[in-house]
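Chain IDs A, B and C follow the sequence of writing; residue 1 opens each chain.
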């Protein structure tokens, strides 16, 4: 502990205790670091403690939002007194990273969770009821989808972040040419309309492949639209093999053949965006990214007349089946891992990120692609400034279900989801299996999982 | 008769060779064209009248520039090169020693040990990466290149050992005997006589080891997290496939640039290797 | 006259080989005597390998086996469940599909790679202008990182933008797009094509090296005896190439059977599991679904099959060179 007299700089009065000296020097270092960090968003500020908080998120489909978040990191670092690092990786790579981190007991402190991963990783994350509870209270309550997906046994295991809505993006002029002044409200109407359009070489396009975004939002909702369900309310009995499910598969078989781009079996979450931008399909269920990107790259994405495509794009809600219209949205949340050494810091960070002034900046950069976790964000003035086609995403999160319906969305429902059983049920039906057999197969697979 | 021979040469040699060359290199041509094609053309429909997939009238270097400037691609290139070289050296070292021991020395359990080294090759990485994550953490190697430099040899060593074992077995014992009669120790004979003869084998094992390390994906994905520390395969895939959008131009540019070091290594060593091989085995 | 090693007994000292004195040299002392012993030298030489492999494969492998015998899932330490995971996998229809796919894929890809690789090696074995460049360029598919070249292929097979479809369409061979990756059967064959494209250089270069060791005198002698090209190949070339071929085939089979990257990038296992392989399915179960125990069990199913294939080939190899 020896700081000899000769080492203390001459301008520091020697009667000052060492403690004050160190404190002053420390504060000076902090201040210097803080100012520098504002000046250069890229360089990580140097802090006395060396604590690092590592946040991993998916690569956002709206690149500008990631830029905004990365810009916020130095601010957060300054506010919290530790270095905060944001890493963005491909959504498909989130799970291997989480798995390796949990199993080896070391890795990022906060991971971005999707859907109901809180159930899947419930024993590896920290109880965040304090953060989530406060957030919910101050902002007027979370959407209904969050408690079942992010809390387990009454404890919040991940902090809700945002919900990505989806709707059908379509080409207004093409539908008008085919005689539709607005998007069909039921699946039967849609079938008639798109059969006409497919004959003109402008089919409906959707994926039935193994994707985490577009395929489930299309297939699960089709099942629900016809009254099908995976389990009963208790979540213990598998009820998939029902008339509703068989009817939905039968419909899908007809719709696929008559109306869809049959290459969709090999599509991933990006193919429909690209096909739409290239003018290959007339409509597809997707998030708002098709419109947003078309507008942002208006000189690259043109229609067949050479004009920018974006004014011709509009959105409509998913059509209804006999049992109604239901939606499945991708809800995002953040979870703090148990092995983290900075749990308190992580909680403070999540509170900071959700502070209105910080969250709002991110929210605005999304331009409607996601909605906030709570209803208060529906009132945000940003919605008024958006283009009309994006306005409908404002109330997107209000009427959604999660997989595992009608039972609670537990780890078993996630297993069904990650095994793509429901999606494959339709893929098999569309490839030649009879509807009854496809449903029977899926039912059997579900039974193995739920009643093992 | 001369005309007949020429006809035969064309049918049996030139035409098949040309087909092979076209078939093998066509994807590279395609990658090249995509990497110099402007974005507007990349988004065009296949039925558009002016669709020209095989050439472009507006070549641009913007993808390459974006790749080098806006991503950490130069870092990735260096990381991958460093990791590949280090793993190759380690596996060659181990493989050389082990190959010699198994190929020329007699000792109990030689057969069993040889087989068990080989059997480790059968264990798939998709099984290993979870328990390995634990070990990496214990040694605190996470997010460092050493995590990969020490784990890559696990699939490189068995192959190097086997290749070199084969080489060593074919070298006649007399060479060593003569050297030892002349006064050399066994160890000295090993280093001074036997190893130089096996240089072609060492080179080919080295080439394959380098390639396999360069190509590896899953360990690199799981054990590295900072963007500047990533390797080329992982970095390109994670940074250039942003959700809805594949930056095809940059992806292909990355693929081409990412193959250059490997191609250089090969072109340098393959020459050496082939001539060395034909030279050494005569007689 | 080679010195005979005197060995015998068990335990350290008795195993030391005593070399007969060579004319002109004195008894080697200390360290060199240590290095003279075959056994100890072998132990020394093998130690780096054994340590590395032991630490980074043997130990994780044992842990992996434990995983497969337990019901561990991510974040939840498991309890021993015996062969429950294996039974569950065996009865799983997706697993059965993946198993069949893997066998099919490996079988056809290996046959193609061997035939084409052999043919290419024979072609490259001749002298012609530009030999060096052609030889080097043939290796490119093997050099390019697999992930990236597979993406390029995926782009070429793309359902909407496929250049191959365009080509076939313009030249009049087809009138509607071929469903390269959207159809199960097509998808599997496309994967085989990409695997062949990528792996053929490995076969070609190894077989080429083997060919170069065959003295041209043998060929001359054979052709003087009246054998034509085809006969010369089967009677002279092929028997001498068998050892090299076998080694290359063994390694290729192992790699192909446990292939992960190619399918993961090209099709993700789709459509509807038609191209799922054991490795990709194990990954999906272990990581995406979080059921590590079951994923490990699926991975382990590969082992007996590989072991059998490899053991048969090695026995054959040993018969060839042993005698």
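The rule is simple: a contact is a pair of C-beta atoms (placed from the backbone, for glycine too) under 8 Å apart; a residue touches a chain by one contact, two chains touch by 3 or more.
Everything numeric in this text was worked out from a predicted model, so none of it was measured.
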item	value
Longest centre-to-centre distance from chain C, chain (CA-based)	A
Selected interface, B-C versus A-C, where C-beta contact pairs are more numerous	B-C
Computed distance of Cα centres, chain B from chain A, in Å	37
Cα-centroid distance, chain A relative to chain C, in whole angstrom	39
Distance from chain C to chain B - Cα centre to Cα centre, in angstrom	14
Residues of chain C touching at least two other chains	160-161, 286, 292
Residues of chain A touching at least two other chains	96, 99, 103, 274, 278, 280
Touching two or more other chains - residues of chain B	45-46, 130, 134, 218, 237
In the complex with chain B, residue positions of chain A that touch it	54, 56, 58-61, 63, 87, 89-91, 93, 96-97, 99-101, 103-108, 269-270, 273-274, 277-280, 289, 293, 297, 299-302, 304
Complex interface listing, chain C residues touching chain B	2, 5, 22, 24-25, 28, 32, 35-36, 38-39, 41-43, 45-46, 48-50, 52-53, 55-61, 63-64, 67, 116, 119-120, 123, 126, 128, 132, 134-149, 151-153, 155-156, 160-163, 165-167, 197, 200-202, 205-206, 208-209, 212-213, 215, 229, 243, 247, 251, 254, 258, 260-261, 279, 282-283, 286, 292, 295-296, 299-300, 302-303, 306-307, 310
Partner chain C, residues of chain B touching it in the complex	12-13, 16-17, 20-21, 23-25, 27-28, 30-31, 34, 45-46, 51, 53-54, 90, 93-95, 97-98, 100-102, 105-108, 110, 113, 117-128, 130-132, 134-135, 150-151, 153-154, 157-159, 161-163, 166, 173, 177, 180-181, 183, 185-187, 200, 204, 208, 211, 214-215, 217-218, 232-233, 236-237, 248, 251-252, 254-255, 258-259, 262-263, 266-267, 270-271, 273-274, 277-278, 281-282
Touch list for chain A against partner chain C, complex	95-96, 98-99, 102-103, 120-125, 208-210, 261-268, 271, 274-275, 278, 280, 338, 411, 414-415, 418-419, 424, 427-428, 431, 441, 444-445, 448, 452
Partner chain A, residues of chain B touching it in the complex	39-40, 43-46, 48, 129-130, 133-134, 136-137, 142, 218, 221-223, 225-227, 237-238, 241-246
